[in-house]
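Structures given as structure tokens follow.
Two complexes are shown next, each including chain A; its partner changes from chain B in the first to chain C in the second.
Coming up: the complex of A and B.
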């Protein structure tokens, strides 16, 4: 029975690979943009813009209590009420960006607060100010010290793309689900999906540990 | 107050919240037991058991809950066992959260100071007694915040079980919005309910922490 399932699944491996490719593309685009957004949010959080920072803190706290699917629905169904029409994939990406940008900002802020004060004071003494201080002295150290937490967050991004199957984005889980219902091969289809997710996560983990080793060599 | 004029149906929404709360509460309770059990099993040196468990946990931790729910719901009947949607949801959530709980406990055990164990051994304590009296109370207190964090993550992932036909809080909100053609009010009401549920869990953690601290002094 399982052999038969695997044969059928192999015939339709193209569908699964298409789904996996979309999952990878969604994860890379959403992951990279949420890292950038999180970085920008952190700079504002740590700046002297107190009022803006407290508004952002409220936004981050709200995201930390929100289920991702609920946010995806809010973006998907909510934004058209304000006259903003987007495709399924666009609204999915926007939801991923907002949600994980907030988590990344939270991680980076915690890392920034935990870093020794002396680094910053030495930079100030050498005349580094504002954005230059952040770009040259604080952020590079922050990226390396937060790399494991950020890597975990990127894995979370990959896993959250699976929710987009509910708003009809044809990604990996959706591809596997339609395969299993069309050809009645639940075992092969869903285990292949699980295997692809595992592969993507292993690649991320290896990437993070490689980056860390490289960074340690420069220190 | 007239909720329906705002596009809300408080009855179904509260029912959905109860479904979310019930399913996650059962899975959290089961996940604690299974997670701790897996972590204790991983400490044993029984041949292939430890690497097999490591592989299992690595795969489950990489699998989205939604995919896992589909897998449990469709593979179990194919293997010849009948499973209802709520049972499949609880099983999937338990498998998911217990893998993360196992890793949390494992991290706690790894950090436990070796000399305390040696002292207990020298005092004539057996392995089980050492675990129950020395290791678990201390490591448990240490990992409690992480376990609670994992509980809130499970609550935030719980809308995934809607995919196998469970009408929980998020799904209820979407349905109400589809009936009234005003999707935003029920979704925002659902968000408020989620915040309330998560806040309750975190408040329980604070209470437990204070309770343990009071017992220590």
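Coming up: the complex of A and C.
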């Protein structure tokens, strides 16, 4: 029985691969853009822009307490009420970006507060300030010391792409789901999807450990 | 703002400096004058406020009252009494060098990059000149062979010497040393 399921799944591996490819694209685009957004949010959170910072803290708090599934619904079904109409993929990407950008900001902010104050003070004492200070002396150390937590967050991004199946984004979970219902091979179809998710996450883990090894020289 | 070019024999002028932490006075009416070329040592038991005074001098710590002039320029407060912008404070800071108690080298940069960082990116001096000068300073503190290693691999005394070379590399008018020889032995 299970052998039969696997044979059928193998015959339709192309569908799964198409879904996996879209999952990879979604993860890369959403992951990279949420890293950038999180970085920008952190710079404001740590700056003297008190008012803007407290608005952003509110936004981050909101994202942390919203289930991602609900946010995906909200962006896809809710934003058209404000005249903002986007495709399924665009809506999904926007939801991922907002959600994980907030988490990345939170990770970077915690990492920033945990770094020795002297690194930053030494920068100030030699005339660094603002963006130059952040770009040259703060962020490079932040990326490496936060790499494990950011890696985990990127894995979370990959897994959250799975929710986008409910707004009809034809990604890996969606592909596996239609495969299982069309051919009635629930175990083989869904487990294959798990396997592909695992493969994607392994690549992220390898990337993070490579980064860590490179950073070990100076930590 | 007074001109940078006006020749002044006074490198540092401190008048009536007060600073307290949570209501506890640490600096009380400090007056201090340092001529160009002069070396002044602050001595006192730990907790006396030596580090706090040094950190006030380049505005890492903001004093409650009093004035500080570096090479004739008042730091932290504008001529009209208003708060000075970060930009202008940073400009004045480029004329000071500081060696920190716990060295505070930047961990992601090599020894040579640590020394070249401020001259290159704050003062925007040409790289060949900065690099030649940095190597010279490194030779002076006896660490030529450590140019390309990261600070994490250095001993305390070596870090301190790199810190000194880094402070000198910006060609400061005023050098601030916080416990400058805490980790050095006689040979260093």
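By definition in this document, the second predicted complex is superposed on the first by the 217 of 219 C-alpha atoms of A that agree within 3 Å, B and C clash if a C-alpha of one lies under 4 Å from a C-alpha of the other, contacts with A are read in each partner's own complex, and residues count from 1 in each chain.
The rule is short, and it goes like this: contacts are C-beta pairs under 8 Å (C-beta built on N, C-alpha and C of every residue); 3 or more make two chains touch, one makes a residue touch a chain.
Predicted model, so just to flag it, every value in this text is computed and none were measured.
Of the two partner chains, chain B is the only one touched by A:177; chain C is not. When the shared chain is aligned, no partner comes close enough to touch A:102: not chain B, not chain C. Touch criterion met: A:186 reaches chain B, while chain C stays clear of it.
Residue contacts after overlaying the shared chain place A:201 against chain B, while chain C stays out of touching range.
Of the two partners chain B and chain C, more chain A residues are in touch with B.
When the shared chain is aligned, no partner comes close enough to touch A:157: not chain B, not chain C. Within the superposed three-chain model, A:65 lies in touch with chain B and out of touch with chain C [touch as defined at top].
In the superposition on chain A, no contact is made by A:167 with either chain B or chain C.
In the superposition on chain A, A:217 contacts chain C only, with no contact to chain B. Chain A contributes residues 62, 65-70, 73-74, 77-78, 81, 155, 158-163, 165-166, 172-173, 176-177, 180, 186-187, 190-191, 193-194, 197-198, 200-202 to its touches with chain B in the complex. Residues 58-59, 61-68, 70-71, 74-75, 78, 155-160, 162-163, 170, 173-174, 177, 183-184, 187-188, 190-191, 194-195, 198-199 of chain B are the ones touching chain A in the complex.
Within the complex formed with chain A, the chain C residues making contact are 58, 60, 86-87, 89-91, 93-94, 96-98, 100, 102-108, 117-118, 121-123, 150-152, 166, 170, 176. For chain A in complex with chain C, the touching residues are 116, 118-119, 121-130, 132, 136-137, 140-141, 144, 217-219.
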